[in-house]
Structure formats: structure tokens, C-alpha cells
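The following pair of complexes shares a single chain, chain A, combined with chain B in the former and chain C in the latter.
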Partner chain A sequence: MSIPASVRYTLAGISWPVYVLLYTPLVLVAYYSLTPHAASEWHAYQLLFSDSAVFTALQRSLILALGSASSSTALGVLLGYGLARFRNRHGRGWLSHLPGLIIYTPIIMPSIVFGISELIFFNLVHNATGLFAAGLQTMMIAHITFQVPYVALTVFARLSGLDPNLFDAAHDLYADGVKSFIHLILPVVQPAIIGGFLLGITLSIDDFTISFFTAGPGSVTLPIYIYSAIARKGVTPEINALGTVMIGTIIIMALGHFFITSRRERAGHFAARGNLG
Partner chain B sequence: MSASQTVAATRRGAISLTGVTRIFTGAAPAVDHIDLDIHPGEFFTLLGPSGCGKTTLLRMIAGFETPDDGRILISGREMQDVPAHKRAVNTVFQSYALFPHLNVEQNIGFGLKMQGVKSPERKKRVDAIMELTQIGQFAKRSAAQLSGGQRQRVALARALVNEPEVVLLDEPLSALDAKLRAELQIELLRMQKRLGMTFIFVTHDQHEALVMSDRIAVMSKGRLQQIGPVLDVYERPRNVFVAEFLGLSNIWPITGHAGDRATTPLGALAINEPCQPGALAMIRPEKIWLYNDTAAPKDRPNQFFGTISEAIYMGAATQYRVELAGGQMVLAYDTNNQAAERSWRPGEKVAVELKPENIMLVQP
Partner chain C sequence: MKRAKTEVELEAGRQRRRLMASSGPGLAWIMLFLILPSAVLLGIAFFSSDDYGNPVMPLSTQAFGQVAGYSLLGWDPGNILVFLRSLKQAGIATLVSALLSYPLVFFILSQRPSLRPLLLLFIVLPSWTNQVVRTYAWLELLGPNAPVSWLGHTLGFLPPDLGMAPGGFAVTTGLAYNYLPYMIVPLYASAEKLDWTLVEAGRDLYASGLRLFWHTVFPQTVPGLLSGIIFVAIPAFGDYVVPQLLGGDKAMMIGSLIANQFTETPDWPYGAALTLIMLVFTAAGLVAFRVVSQKVGGAEEAAV
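Coming up: the complex of A and B.
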């Protein structure tokens, strides 16, 4: 089945304005970061790199991202495994889908609702027990909570796509529950674990809404810092410089990922062909 | 359990089932009070249509399912409550269930590794079994890079390398094409005889069961219909289900008898066996003799005249459907060899002879 040339050209024609729309703002950020600063003789990048508040915020963002992503990966793997292993394969009606629905809810919930409910919850607990003062720990808990479903669902998808006999086979070949988890489940879901972890980091660094509602006075992360800087002084070249650094980092990481995976794929194809020959 | 059964069941590789039952919620029993003794070193086949409970029975022997009632003895030890990973029994799955993250060698070595067999010894045993199953050259490939037949060999090697007391095979050849399947049937059989392990083979293919087994248990609706050596089950089926499941057959009800002749819809039939009430007369199509209507030997009983209504050429043999004068149909099978008198075309007049010694009585 082939697509008519006219349709193809039309689609290609539409795609270019979309690219322009996507990338022009990014280019503009980089452009404005280079314009001279009105209030200072320093260049925007000099200002940025000498601003210790930015680095503290970045540090917090990274701690939050790594901490929440690794915890939510560990929890999500167990949850995804449980969902896949003990699901009711022949279940009918909405009740058999209930576990899946509960997992989905945090994903489809608007983050503002999620953030406000976390805020109310932590306030209640704090007023009652004195625990959970707003700060990095409440942000950590909130971030873990919203990341777990993503990891669990990736792991669930991977496991439920497998031949159910694999679990019996491991059992049959003298592996008890713990051994089959270590020697079968973990290696098999490894791509999902890595994917879930990276997704968790991205979601955490990117998140503003939930962080905003759960943050305390001493826990300003990068998105919150940027927001408050803009609120105070408007979009300064310094903010543009920060944006440009972030865009650059992401592009370098994406390119790195692309080259690593494409090289691995080529190596894989080569190995396959070499063996078959 | 009788004394002889107890002695047999204590030997390595013997299996003894008593009253084994499995009921899934809200359904008729999948396996219903099965009593069965499997001898050490035997190639034993559980044969039956899909849903007859044969796979459930196999999964209970493997330890993937727990029986709701009854006892399972493996090499004389009670096993019904022992988990699968503590049973010296290995399974070859219908889907092969090869581990996707391991290569062939690692797949085969998995069981040894889990048992704590150290590397030099493990490698030696894995290499030996790969040699036996002729998959040495694929050692480093992943399962995804293998053909169906190769995967089947890996699955078999992965079970055999552990030197289990019993090997369980759940329709292991059903995903292969006919030619490869025939080759692997013979190969599997040779390997079993050479290793002397007990094999329990599950299949719905009667031909496969006949080719491979020492003994067959025919199952239907969770119950055993007949257990016996291949020849007995095919030649002397106990009931209509077994007769029809194992091959083509002609079956007529016996409505009474006059002297030594049984009354059937065909007419009076001379039968060697004593007539039992309610029994049916069964004869396999290949046991029926066909003649030109003028050439039939006049001095023998059970001859009927009719017309060929259908002739299906099948290479080695031709299958005929003969319509008798009384309207009854007879299925006959004639080998296309030199000795065959001739072949017939639809519409030709023939005589069929049902020799009394070839007619068996079966229960409904």
C-alpha cells in the first residue's frame, strides 16, 4: 500500500511549519542569552556561573531527581511485578481491572490537583504529628508517588508480554521465588527498569506544579528558582542563559543516547548475521 | 495400592498416582480421580482431545498445580505438596519457554546453576548435552535467532542436562511442520531409550502417540478411558471414544444374537468374542478385505455386497466408502502395493469381507 505523492507532499509541507514552531522559541532563548545585560557590565553567562543560588537549586533538583527516581524504580518494579504475576488473566468486569485503574489514576490526574492534595495531606499530618515539615523530604515523597505508576506500568507491560510459561520454567529448573526474581525477572525487565529510572529523573527535574505545592522555604529547586526569578525581575538574559545551558545539556544527552543505542543495534545486527552465516 | 505397585513405585523414575483430582472453581473436575502407574524408563503418553485434563495432570506431576485430592509418588516419595523447584522432574513446554535474556548455552545451564553446580562441571555437562542434541554450533545464539526445530532441541537439552528422574513433555512437537516433526519424533524416542529416563508425553495427536509410546493412557473429560500398550489400545479399544480417537473405525450396534451370530444393522455377523449386552461391533478400515463382487471367496462368513461410493487416493493407500445393498456404509482402507488386487472407482460393484477375528467388541 502506498501513499499518493500529493498527500505525502502536503504532509511534508505541514511538518516544516511545525518544526519551526517547535524550535524557534528554543533558538530565541539562546539568542537572548547572548544580548548584553542592561543592568550589569557582566555577560549573562558570567552572572549565571557566579550565582551560587542557581547552583544550590540545581544541586537540590539533582538530589531530588536521583533520590526519587531510584526509590520509585525500586517500588515500581515490585508493584509492576505483582500486577503482572498475580493478575486475574480470565477476569471479567471492572473489578478485575481495579488494580490497573488505581495505578493509572496518578498519571491522568492533573498535576495541580495532585500538588494541592499533597499539600493538604502533608499539612494535616504535620499539624497532627509534627512530622513532614514542608521541604525536600515532602517533595521527595510527592515525586516518588507520582513516578511509581510510570515505572510500574513499564515493568507490567514488559512482564505481561512474556510467555507465562517462563515463570513455570524457572520454577521447574530449581529456582525458588527469590532465585527466579534475581535470575529471570530482573534481567528480563532490565530495559524497563532503566527506562523507568530515566523517565523518573526527567519527570522530577521537569516538575514545577507538584514541587511548588510541596516545597518549603529551604527547598528551592531549579524550576521554582526560575519561576521566582521571572516573577521578581522578568525574563533576564541570565534566565535565558540558564535555559540555554539546559537545552544544550539535553541535546548532548539525547545525541549520546542516540549514538550509543544505534551502535549497539548495529553490533547486534552484525552478531546476528555473523552467527547465521 | 497392591504390593507389586509399591515395589514398582519405589524405583527411580517410577510414578504412581492415586485418586488424583483437580477441580477449578465453578467447573467440572479437570482431572477426576486418576489412578495411574508409570514404570521407570517408560515412554508413556497421555493422549486426549484438548481440554481433557492431560496437561493439568502433567502440571500436577511437575508441581505447577496442586491436586485437590489424591497422592503423587515420584520414585517412591510423596510429592503432591512439594514445590516444583524441589522435584527431580523437568518439563519441556509446548511454547519451549526459553529464557529470552540468555543464550542457548546459558539456557541449558540454568537448572544446573540454580542447583549450585559449579562452572567447570556445569560447562562439561552442558557441552555433552549440546553434543547429544546436536545444537553445539548454536551455543552463543539467543533463542530469538533459532528456528522452531532448534528451539525444541534447546528446550529438550535444558530438561535433560539435569538428569531428572522423569521428563515431562507437553505437546513439544505441535508447533513444527510435519516433516521436521516426524524426524524429531524418532530422534526423541532414540534419545529416551539411550538415556533410559522416564518420559511422560502429552499429545492430542493419535498418530504421534502410536509412533512414540510404550504405553498410552487415553483421557477424556478428566478421566482415563484406557491404559495399555500401544498395540492393545489401537487394536483392542475398550470403548467407542478410544476406538474413534485412535483412528478411523466402523462401529455398529449389536441388537441381539442368533446362535453364534450377532444381529447388527449390516445383518448377521460372525464374531469370535462372546457377545455382551450393550456392546458394539468395531472393525478398523484397514482390516476389511475388498474384492470384485464376482471374485469374492464364497466359503467364508461376513461377506457383504455393495457399491464404491467414494474413493480417496492417499498415496500409500486408498480409502474407500462402500455403500452396502442395505444402505449401510463401510469404510475400508486398501494398500496400494503390488499385492493389492486392484483399485476401484466410484460406482463399481464390490464385495467386502469382515473377518470374525478382526471384529472387536467395544463398550459405548
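Coming up: the complex of A and C.
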């Protein structure tokens, strides 16, 4: 690494303002959630915490995030494991490329196309059979669909980095498929499973467009609540208070996860270096 | 004569069954709930629409005429303008994030290794909050009565009562803000593996400044840059939330145009035809991009 000092200063001079700019809008949301002219500065928060519509929306958001992330983790781990272990990598023809193409479709497809496709599909199926009425169930299906590829790719990346001889060793020790999955694969991919699950929750919380088009009248989640409130009466202190709580929660969770995992890694690092003296 | 299967063939069959048992459910899920629905949507583009905007027989290409701007009232350039505006907005947002990403990535790399993950985390963190929240947040900065607009009024380049948002500028800003991390992460990944001996060699040959960067650093980061361009340009082109919240009527983009055909004044075949054209644009962009990136080199990592 050889960056001259003058270049370093220029880089820092451009980068710090960008960092500030990244957080300025978020800080302003928090700033405008305070109401100095009302009876209490925290008036918006009092309104927020006594608002039952917000509370049900929060419940739905949590059910959606946890439910879709656990289902997509189950599907995605199996998918990634199968592709890493059993796919014929030297196969020719379009059939051996098919799984890859299928996995990348949800990632590449613009959200608006994704959302509208599901809207039309659920609508048609509902009219024909009565199943899939628009609501939390259809949102859940859509959220699982866009999370599965990310979980699968996380697990796939972890397993592809493994020495294939490990699997043969397990086989030689008479571990059958299920046993080697439980005793060898699961422990090895555990970080990828946890990472994939958290990624699923993050993706679910981040999404608006796909949720918006698969939601029904009785399945307003927090982002949809905020969006329609802004469309109706603009940004109010109460919306800012809600935004502040959401931003704060994500930042605390992300920093918490970061410091816990990095401490664990550091501990592992020191243990490994201990042998070298 | 029936021949007994060889051990190799049996093993191949076993592998296929295991693949189906493990990967099958996930793949089937995506096919049933995304690939089939989008195929249905695209199929709808080739139907006529009834008075309620539902698709009916006979098959027709009328919807594509509507996309091109033809209606009972004659030809209108509105849709073409929306397409061009979406291309322009996505293009500028991609350019801005690429230009900001280089200094940021090398700033992070110039710090102690233990500090780098944290600096990277602080880049990515805003994108983990909900898209509606981090987008409307810009209204606080750019809307009427907001600090930036107030500055604009005082300096006299903005009429009073008007903000920087809603409008085209706010949309560009919002898109660049939303998708900046998608550029930085792949670029960081390729810059991290940079071979600095090449830079030393360039310096020994008395290259310096931008010349040194352009000939030794830049070529090595091209794979990351190319992935970043794809990850930013495609979602920015079809973005729905940013132009809806920050754009207003005059800054409409393709995403809102499509959505309107399914919500406000339904016309499914027309909306489906718009979607089809948009996907054709996206796919054509990807293919053109692959051709270019194969010429430039480093195509493996950019291939999506």
C-alpha cells in the first residue's frame, strides 16, 4: 500500500463530507421528530406509542420479516447446499446453467416488475380458485421469493470454499447423506445460515415496492403505513418519530452484530496466532 | 438388448436425485412464484383490453402502439420522454456513485486494516433502513422550508415557496444516495486485491498523479466497477419509491408509469407492454454491457 500523503488528504477531504452527507437526512428525521412548540418536546413520540394502527403495523412487519426470513433460510440453505455438492459442474448444455439462471432472476428483476407480476398472478389465481387473497400471506410468499437466492448464494459461497476431500472423508467414515449433513455441513455453514437469516430480515425490512403491490387492505405494514401517511398529509413529526425509531433500531442492531462478530473473530485470530508464539 | 447400467451412470443418477431433493424446492418456489407470474404478465401484453382495462381476446399489438404514444387522440411523446428521463436519471446516478466511490474506496483502504470493516459498515448502514424512510428523509433536506432550499431562496436561485424537492434534482440525489453502496461494495472488493507492485513500477517509470492512477490502478478495478454499474443502473432505471416521493409529476419515471396502469386507471395489456419494453431495454443494456466488458477484460466478475 503506497498512497502519498497529499493524495491521502484529498481522499479524506472528499470522503468525510460524503460520510456526513450519508447521515444528514437521517439525523434531520430525528431532529424534526422533536416538537419544541408543543406541550412536550416528545409529543410526537407520545402520539406514536399510543397509536394502535402503528402498533398493529409493527406487529405485521415483524411477523413478515421473521416468518419470511426463516422460511427462506430453510429453502435457501438446501438450495445452496445442493448446488455446491451435487450439481454437475462440468455439464454442458442449457440444463446445467438453468439453476444459476433461476437463482439470479429475483436478484436482477427490477422490484416494480417483481411486484406487479405477483399482483397480477395472485389476482388471477384468486379469481379462479379463491386462494391467495391479497394480504400478509401473499406478502410472505413474495418476501420469501426475493430472499431465497441471497441465502442460497451465501451458503453456496461458504461451501464452495471447502476442501472437497472433507466430504469424502465423512463418506469413508460411513456417514450417510443425512448424518454428514448434520455433523459436517451444518456446523461448517452455520455462520452462513445465521448471516443468510439476518440478510433475509434486512431485505424484508428494506423492501417497500414488492410489499406495496402484494399487500391487501388488511395488511398495512410499517413502510406502507409511512408511505400512505406521507401521500395523505405530508411528513409530520409523528412520521419522523416513527422513522427515527426504525432508523435507530437498525443502526443499533447492525452495530451490535458487527461488534459481536468482530470480537469473536478477533478472539479466534489471537488463538490461531498463539501457536506461532 | 437391455444393458445393465454402469456404476458411473448409477452414480450420476443418484447425484441428480440428490440435487433435486435438496435444491428442488427452492428452485421450484422461484419458478412458481416469480418466473411463472412474470411470464403471465408479459403474455398479457399481447391481449386487447376491455372497458375496465382487463385483458380480453383477441390477441393484438394495440398495447405496443400505446407504449409508442399512439392513442385515439393521436401521437403523444409523453412515454418516450419518460423512458429517456429514466435512462438519464439512472445514468447520472450511476456516474455520480462511480465518481464518489473511487475516493471513498481508496480512503477506506488507506486506513488501518482493523478500521476498514467499520468504515465500510458505515457506508452500507443507511441502505439497511427502509427505502421509504431513507428516501423521504431527503424531503427534510431538500423540500420547501428545508435548509438547502432556504439557502437557495436567500441566494436567489430558487423562487420562494419552492423547494429543491419535488423535482428532477431530488430524484437524481435520491437514486445516487440509495444505490451508492451497491457501487462501493464490489469496487472495494476488487480494489482490496490490487497489485500495488504495478503502481510501484509505474512510479519507477516516472508516471504520477492521474496518469499513474489511470494506467496502473484503474485497469485493476474495472471488474468491480463493471459489477457496480450493473448493480446501480438496473435498479435505478426501474426505481419506484424515489421518483414517487421526490419526483412529482414532471419527474415521472418508468416505474411509476407502469404502476399507474395497474392501480390508478387500470389497463393491464398496456402496463404489461410497458413492462416488456422496459425488460427488453434492461436486457439489451446487459448484453451490450457484456460485450463491452469482454473487450475491456475482467469479464468473469462482471458476468451476472
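Methods note: the second predicted complex is superposed on the first by the 255 of 277 C-alpha atoms of A that agree within 3 Å, B and C clash if a C-alpha of one lies under 4 Å from a C-alpha of the other, contacts with A are read in each partner's own complex, and residues count from 1 in each chain.
Keep this in mind: contacts are C-beta pairs under 8 Å (C-beta built on N, C-alpha and C of every residue); 3 or more make two chains touch, one makes a residue touch a chain.
All values derive from a computational prediction rather than experimental measurement.
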Requested in this report: With the two complexes superposed on chain A, say which partner A:Val188 touches: chain B (first), chain C (second), both, or neither.
Outcome: first
Query raised in the report: Now for A:Ile251: first (chain B), second (chain C), both, or neither, which partner does it touch?
Result: second
Report task. Quick one: classify A:Val148 as touching chain B (first), chain C (second), both or neither. Result -> second
Report task. Using the touch definition from the top, say if A:Asp207 reaches chain B (first), chain C (second), both or neither. Result -> second
Query raised in the report: Which of the two partners, first being chain B and second being chain C, lies in contact with A:Gly243: first, second, both, or neither?
Result: second
Report task. Go through the superposed model and pick first if A:Asn165 touches only chain B, second if only chain C, both, or neither. Result -> first
Query raised in the report: Any idea whether chain B or chain C touches more of chain A?
Result: C
Query raised in the report: Touching A:Leu173, do we find chain B (first), chain C (second), both, or neither?
Result: first
Requested in this report: Could you look at A:Pro106 and tell me whether it touches chain B, chain C, both or neither (first, second, both, neither)?
Outcome: second
Query - Intersection of chain A interface sets (partners chain B, chain C) - result: none
Query raised in the report: Where on chain B does chain A make contact in their complex?
Result: 59, 62-64, 83-86, 89-91, 93-95, 97, 99-101, 110-111, 113-115, 138, 140-141, 145, 158, 162
Query raised in the report: Tell me, which parts of chain A touch chain B in their complex?
Result: 162-163, 165-166, 168-176, 179, 183-184, 187-188, 190, 272, 275-276
Query - Residues on chain A engaged by chain C in the complex (per definition of touch) - result: 1-3, 8, 10-12, 14-15, 18-19, 22-26, 28-29, 31-32, 75-76, 78-79, 81-83, 85-88, 99, 102-106, 108-121, 124, 141-142, 144-145, 148-149, 152, 177, 202, 205-209, 213, 222-223, 226-227, 230, 235, 239-240, 243, 246-247, 250-251, 254-255, 258, 262
Report task. Could you please specify the touching residues of chain C with respect to chain A in the complex? Result -> 12, 15-16, 18-19, 21-27, 29-31, 33-38, 40-41, 44, 100, 103-104, 106-110, 117-118, 121-123, 125-134, 136-141, 143, 177, 180, 196, 199-200, 203, 234-235, 237-241, 245, 255, 258-259, 262, 268, 271-272, 275, 278-279, 282, 304
